[in-house]
Amino acid sequence: MLPILIPFLMAILSIINWGNRVLHRFLALAGSVGLLFAALALLTTVNEQGILSSNIGDWPAPFGIVLVADLPAAIMILMAAIVGLAVLVYATASMDKGRERFGYYPLILLLLMGMCGAFLTGDLFNLYVWFEIMLIASFALLALGGSRAQLEGSVKYFALNLLVSAFMLTGIGLLYGMTGSLNLAALAQTLRAAGPEQPVTTVAIFFMIAFGIKAAMFPLYFWLPASYHTPPVAVSAIFAGLLTKVGVFALIRVFTLLFVQDTAWTHGLLLAGAALTMLSGVLGAMAFDDIRRIFAFHIISQIAYMVLGLALFVPMALAGTIFYMVHHILVIVSLFLVSGLIARAGGSYFKAQLGGLYGTRPLLALLFLVPALSLSGVPPLSGFWAKLTLLRVTLAQELWLVAAIALLVGLLTLFSMVRIWLSAFWGPPGPAAASVTPMRAGERRALYGSTLALVTLTLALSLFAGPAFELAERASEQLLDPAGYIAAVLGEGS
Amino acid sequence: MTLIEGLTALLLLTGAFFMLMGAVGIVRMPDLFMRMSATTKSATLGVSFMMLAVALHFNDLAIGARALATILFVFLTAPIAAHMIARAGYLRGVSLWQGTISDELQGRYDMETGELESGTPAMAPPQGEPED
Amino acid sequence: MLNAVLAAFVLAFAAPLVARHMPRQVGTIAALLPAGIFVWLLNQAEMALGPGVVERWPWSPLPGVALTFRLDGLSLLMALIISGVGALILFYAGAYMHGQAQAGRLYALLLAFMASMLGLVLADNLIALFVFWELTSITSFLLIGWHFQEERSRAAALQALIVTGGGGLALLAGFVLIGLVGGTWEIAELSAQAGTLQDSVVYLPILLLLWLGAASKSAQFPFHFWLPGAMVAPTPVSAYLHSATMVKAGVYLLARLSPALGGTSEWSLLFMVTGLVTLLLGGWLSLKQNDMKRMLAYSTVSSLGLLVTLLGLGTKLATEAAALYLLAHALFKGALFMVAGAIDHATGTRDLRRLRGLAGALPTSALAAGLAGLSMAGLPLLAGFAAKEFIYEAALFSGGGVWILTLLLLAGNVAFVVVAQQMTLRIFAGASLSFESFHAPAIPLWLAALVPGALGLALGLLPDVTATLAGAAARAIYGAPVTIHLFVLPGSVTPMLLLSALTIAAGILLYRRRVQLEPWLNWLDQGARLGPEGAFQRLVEGLPHFAARVTALQQNGRLRSYVLWIVGTWLLLLGLTWALRGGPGLPANLLVRLSDLRFHELILVLVILAGLASVMLANTLMTLIVSLGVVGIGTAIVFILFGAPDLAMTQFSIETLGVILFVLVLYRLPGVVRLSPRRTVLRDSILTGLAGAVITLMILIITDLPLVSPLKTWFAGASEPLGHGHNVVNVILVDFRAIDTLGEITVLGIAAIGIFALLKLRPGRKVAEGKDGP
Amino acid sequence: MTSIILVVATRLIFPLMLMFSLFLLLRGHDAPGGGFVGGLMAASAFALFALATSVTRARDALRRSTFRLIGIGLLFAFVSGLPGLFAGSPFLRALWTSTELPVIGKLSSVLLFDTGVLLVVVGVTLTIVFAMAEADEEEEE
Amino acid sequence: MNWLLVHVLLALVWAALSGELTPINVAGGFVVGFLVLLLARRAMGSQRYVTRVPRVLRFALYFVVMLVQANLRVTLEVLTPNYKARPAIVAVPLDIRDEVAITTLANLITLTPGTLSLDVSSDRRVLYVHAMFVTDVEAFRLEIKDGLEQRVQDVFT
Amino acid sequence: MTLHDLALYLVLPLLGIALLLALWRLLRGPRTPDRVVALDLMVTLGLGTIAGYAIATDQAALLDVALVLALISFLGTTAFAYYLQRRPEA
Amino acid sequence: MEVALAIVIGALYAAGLYMMLRRSMVKLIAGLVLLGYASNLLIFVVSRLTRARPPLVPEGAQGIAEPFADPVPQALILTAIVIGFGLQAFALVLVRRAYQAVNNDDLDQVTASDRPDLQQ
């Protein structure tokens, strides 16, 4: 419960004291530090004691709303906390006064709160509510400051994400009409007992579309590359790292807990979607010159790997997916933060306008290289272990084409990253460099410090991939054993 | 059917009838102002009758109070709303039916300041009705 | 062994620091580490040559992946080459790079590379091996692009990375398959699984994947082109990575996996054909190069082809030959590269046509080149001689297609003789030319080259040492005990000796007549360029264009097209599901169910539908808004009719406020224009009509099923006694499901912030402190 | 261009709406209504006031910044969940006092919650309406 | 004085809405009314309110009768095929000056079928009325002044 | 015929027809104020429907909706009118 | 009534999506609003309809006698309506601002942020 309450309280206090930038900053940092501690505590507890559940309002499940912390949720909350803190620190040195005054900090806090809620909730409709909190907070953040490109991106982001809400609500309605319940655990039970006359798989398609849009799968992802590059880095980084992951997480939740009647079909669809998404995303990345857009498209193609793990639907693959999520969150946020640093150091986000940073900014080069290579799946970085796991299962299931695509996309990702490297870090100094102003020491500390911290975490994840993967494996076991979840929510013997 | 029931039925039917008349009026009347004259009032009256029927039917203080309060609210608000629409319509140049015999408001608005002067009446030429 | 690898990595990080503080000594200091490792390896030699040294570290990122190191004959040989040549190269680089900016980074990268390479040859787990394999690719990439401001360097670096990186991914797939079939990634355990692996249906795929990985890394045809390109790197890099060590990784891998996967006809065919084509192509293309380094690079390609051929052949003799040649080649090629670098450093050119008679000016380099060249040509007393003898012997006893094989090998070896002459006679002999800015090389520049040259001689003179070293390696490759019998000079005239002599004679002849060869060498070169390299170039350049076109097709900037994709996908998935997995049937007794419709309800339905039609046909903004209002009010009346006063109340209020907002915000917008052509309208109508029909169908199906809602019953019963409220809906909202409501008001709050900011914070508008409060 | 008729009528309707808003809030637990509709009603009152006079005067009448209302409303809702939390129960555990007060009925955390809802709704609606109206006036210039 | 009246009115409405005219509810209504008035104070300013209840009641009766009469007349017009209406916009000069009185008058005119208050001149001396059945403009002006305006004036003084 | 039946089978259909008529005006226009008047009438008809339906079904709770509707819809119409008079002629 | 409303809801979805497929920003919002109505009504209808029996516990009673309308979908829809209101308000302002920025209501002109061939 605390991961929701802490950012919430800080946001409330910020809203009450509207316009006080310094206080907002302080509250946001305090909130995210608090969130980090709460997340760590939660993960430790869940790891030791198993799935925790809390009946909000003390109303028994499945009647009241229940928050359920299993390992996947706890892991994701921890990631949200880490990213939140890093991005907020980064923001203190990069956010403009206007956005700071107009609610950047409370919006980020509320976004984090929405995510934590979405990870924790054990109720389908409540999930919708958390989704909406995230959604509206992200709308506000996206549109904040409103340049033309930003507004244009926002319109698309908005319209297509509202389709998510519509599909989701429809799906929830149909499920309730079929089963009379909203509690995930109760639904899991009911749907497993559903007869053939119940159109369960059809309803599953509604959720597949809804969360597929959210997770930015092919061909539902168009909102993402239209919008993610338009806001400031301290906004897009948090979007890039966490928002689509919530979609993936939701996909995982419903397609492990609820819709497992016809996995050959539903998960087969997910598999095909994943393969197409990988290709489509990586090709998109190659079409652009703006580094942020390139990264945005890579989110899409990387998301597909996570969905692939779900589609393969064995413990090892799901463990891979969870590991992949953790890895990708760290890496993509680092990259977005680095893109900000690149723009700060080179004067532009466009690789054609950049050059020679390898010579002048060795630390920045390193900060780019590590996550970029990790994203591409170069060993021994975290991305490699994540891809290897999925590759192993894909090949074990004799899905040759999918494996080939996964590998090819890995290569193309590397190609794409190297193109940035060649253009921005190598090559002669770019024309945009002239407009660069020197950085103040405090700025440097906050900007580089937060980025460095995330890159270090990536390295740590690479190095301690073993323990991390074990945790992911335990998390995936929880996902594939709904009985444990049901027992935790509805009590033993149900 | 008791007397109360009969009265209730009468009120209900009268109310519904007035409301229907309001609707017929809005269809039949030739210009905005006549439509409003024909509808706003009969509908208001119709609602009032129906609410009275409700009060009578339930014969309960709380419910009666609600019904009467509804009437009160309607009587308070309907004329103001009507006034606002009519004025807006006039200001936007909604044309009067050709049978209108005089328009003493014409030319009295100062469109810059929004002031409305009080002066001597003038005659308005009738106009056709343009579409929006 | 981990310590050695880690130490190199650590020193790599420290190198820039050392370089900053001791720019002069940094090369020597850096060289101390590989030298130390070299000595340590020699210390371990006895164990390594016997049972082997095994180290296990408790680090396992994934199940089945382990940090196991094994020092056996093969890895010892490779590790000695890596650390030995590494020490020399660093020593050499200290002088070569002296005074250059960011030299520290070069040491760092070289050390990091060395660490990776050591890891590669020592690792006993396929995945661990792969980790180091890729690390060598990355370090190689950074080193090839050393002159990063030059387009040429960047292109070459990219080429090398993509070719080896792509091969690496194929290799990974191969490894994973091996692991799946063999049940382990431990190399030592895989030999025992040879039968399982070779009988598996994926054996051929595994081989092909392995081929992709090894061939790309070791610059085999058709991936050979990246290696000459890589010569844009500084010479120490070329000498170390691109001749002595990294390019041998592919060969090493084949050798390493030979016991588990080799010995089949598929294996032989695949690798021998590849090797021979590469041997000839590289060798003969080396003949037409004017740049010393490019010539050496093509020659290296050729040598690698030779090694691959031998490993493909896979006989006992062939493995012996391979081991010997591996050793000899590292020494003479490393030396020749360093000589080339020294000449470049001294004269400012690497163009063979501009170099002559350097013996006087660079006597020590000439000596080094001479020793290396003789070894390369395969003259007696030198390490290269023994290797060549064994190569021919292996060919002659290969047991099939002997003459063709021998002839092809001969043709390849002739080219080496020519290159050896180019690197010695052509540039050092004759009258000396004068160079504008000639400066004598620093000691390391010739000393580092002389040492391997001399070692080639020493090994030739110490056949026992050579035999032991190579024999142990060959044993690891062959998978059975191997003993090599070596000699300083042949005791009798053997067919192999005759072949060697023939090789040298032909080489000398060819060297003299090289000008006549030009036309058809040019033709070969053209073909090689247009073939694989051209294809690669076209791919790299065309890919972004292709990507842009594919992307523009989807990401066309039109929101409606995105919506169409989504709706289309949804309908497609539903259609597929119903077609392939059995869809729900049409619900029965619709008419009966419809008959309970009452008159006022029918009117309500008509009103809503009419409002809807009006919304769709509206051509003014106000009509649109008002029509939306009709639909909203209609919805609210539905709520009234079916027992939801709270909903109706809320809907009415929201509707009113919505209208206010609509009017407030939109009244400045232009009227509603119709922009779509008739065909689009028709398409959209059909599609959305289908969508609507699907929804209707779903509702009808589901409402036809029985529903027992436990929630409904429970809430109705609990509301008063437990929730202290008579309005169950409200009790649910503020108590049973209060957190939903909490979320809902949070959404509202955020919306307010967002709207406020949207309206008040605009680009270009100054934000005044304290004046923008709401 | 204000209308005297509207201005004068507003003086009467405004308090009526406010009272009705409170009524909806307090009776919401037992009859249709509740914090949300109550909030909309109160907000409508102020919106009407702004329409009849001006946004500035409406803000003046509200006396609090709309964001503060939102914040305080959220805080109410938040705080209403805490007692349970401190008592060792989960968040949002409803607490009821046993004594029945006139008008309000039993005091409870639930009422606090619903009041929070009302305040948020008022704050939000008015933030939006006021900001839009002001933006509009600005563009008019 | 007027404040108190509004206060009492609010309290009574409250109690009625609550369902029981118990003293507790009336007291509660007073409390709520007080709160509301506190909130509404700035909005309302100091205003004069209706003070004479009997006149109000008499007036209300008159008005209801008029309302029904006029409604029937309009209904007839609506139902008959041809338009017999002779509409006009008439400027009615006002004698009453009180804002509340003017508003009341205007609203009552609007509530009466067939007539519709359009606007009050900025100096509050003229009320512009649209009427459906005007045979003679002057006569109509007098009708309003002697009828409704007179009675409203009675109530308000 | 009971009162319930009367309300259900006579009063509500009457109101329904009225609703359709109002709808016709709303769709027909021709000017926006006409539509607003029509919408206003529809809301009032909604009030009547509530009253009729309350009697037909004996559900007094619906009256609360009527109260809200009566107060709130006025605001909508007023806002409409307010902005209509400000909008420049299209 | 379920059948009739099912058709109405289908029509609402169809119309909502149709409006979203238009090029006008205003129509886009209308589409979103319609989809909101549609999903709310869907939840309402699919949870089964009960005429005129709101889920109110009678005075003095502890529970409600069947038949009565299911309160759960009502609570859900209430939440959804409110959330939808927030989103709708935001959408309106967003569109207005986008219109000001692009100076066009045509969504086909709102392409600068995502086409690869139109990089700024």
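Going in written order, the chains are labelled A, B, C, D, E, F and G, and every chain counts its residues from 1.
Definition applied: a contact is a pair of C-beta atoms (placed from the backbone, for glycine too) under 8 Å apart; a residue touches a chain by one contact, two chains touch by 3 or more.
Here the structure is a predicted model, which is why all the values come from computation and not from measurement.
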Least hop count linking chain E to chain F through chains in contact = 2
Remark   = Listing by label each chain that touches chain A and chain F gives C, D, G
Key: More contacts between chains, B-D or C-D   = C-D
Note = Greatest Cα-centre separation from chain E belongs to chain C
Remark   = Whole-Å distance, C-alpha centre of chain A to that of chain D, is 36
Rounded Å distance between chain F and chain G, as computed from the means of their C-alpha atoms = 22
Key: Computed distance of Cα centres, chain G from chain B, in Å   = 32
Request  = Could you give the separation in Å between the centres of chain D and chain E, each centre being the mean of its C-alpha atoms?
outcome  = 29
Ask   = On chain C, where are the residues touching two or more other chains?
value = 548, 551-552, 555, 557, 559, 563, 598, 602, 620, 622-623, 641, 643, 645-646, 649-650, 653-654, 656-657, 660-661, 664-665, 668, 670, 695, 698-699, 702-703, 707, 709, 711-712, 715, 725-727, 729, 733, 735, 737-741, 743-756, 758-760, 762, 773-774
Query = Listing for chain A: what residues touch at least two other chains?
reply = 8, 15, 18, 56-57, 125, 129, 132, 136, 139-140, 143, 146-147, 155-156, 159, 163, 170, 174, 176-177, 182, 222, 225-226, 284, 287
Remark   = chain D residues touching 2+ other chains are 1, 3, 5-6, 9, 13, 16, 30-33, 36-37, 40-41, 44, 47, 65, 67, 70, 74, 78, 91-92, 94, 124, 128, 132
Message = Please output the residues of chain C touching chain D within their complex, sorted ascending.
response = 645-646, 649-650, 653-654, 656-657, 660-661, 664-665, 668, 723-727, 729-731, 733-735, 738-739, 741-742, 745-746, 748-749, 751-753, 755-756, 759-760, 773-774
Ask   = Which bits of chain B are touching chain E when the two form their complex?
value = 18, 21, 24-25, 28-31, 33-34, 36-38, 40-42, 44-45, 60-62, 64-66, 68-69, 75, 78-80, 82-83, 86-87, 90, 96-97, 99-106, 108, 115-119, 121, 124
Request  = Provide the residue numbers of chain E that touch chain D in the complex, in ascending order.
outcome  = 6, 10, 13-14, 17-18, 24-25, 27-29, 31-33, 35-37, 39-40, 42-45, 47, 99-100, 102-103, 106-107, 117, 119-120, 124
Ask   = Okay, in this complex, where on chain G does chain F touch?
value = 51-54, 56
Query = Across the complex, what residues on chain G touch chain C?
reply = 1-15, 17-28, 30, 33-34, 37-38, 40-42, 44-59, 61-64, 68-72, 74-79, 81-90, 92-97, 99, 105-108, 110-118
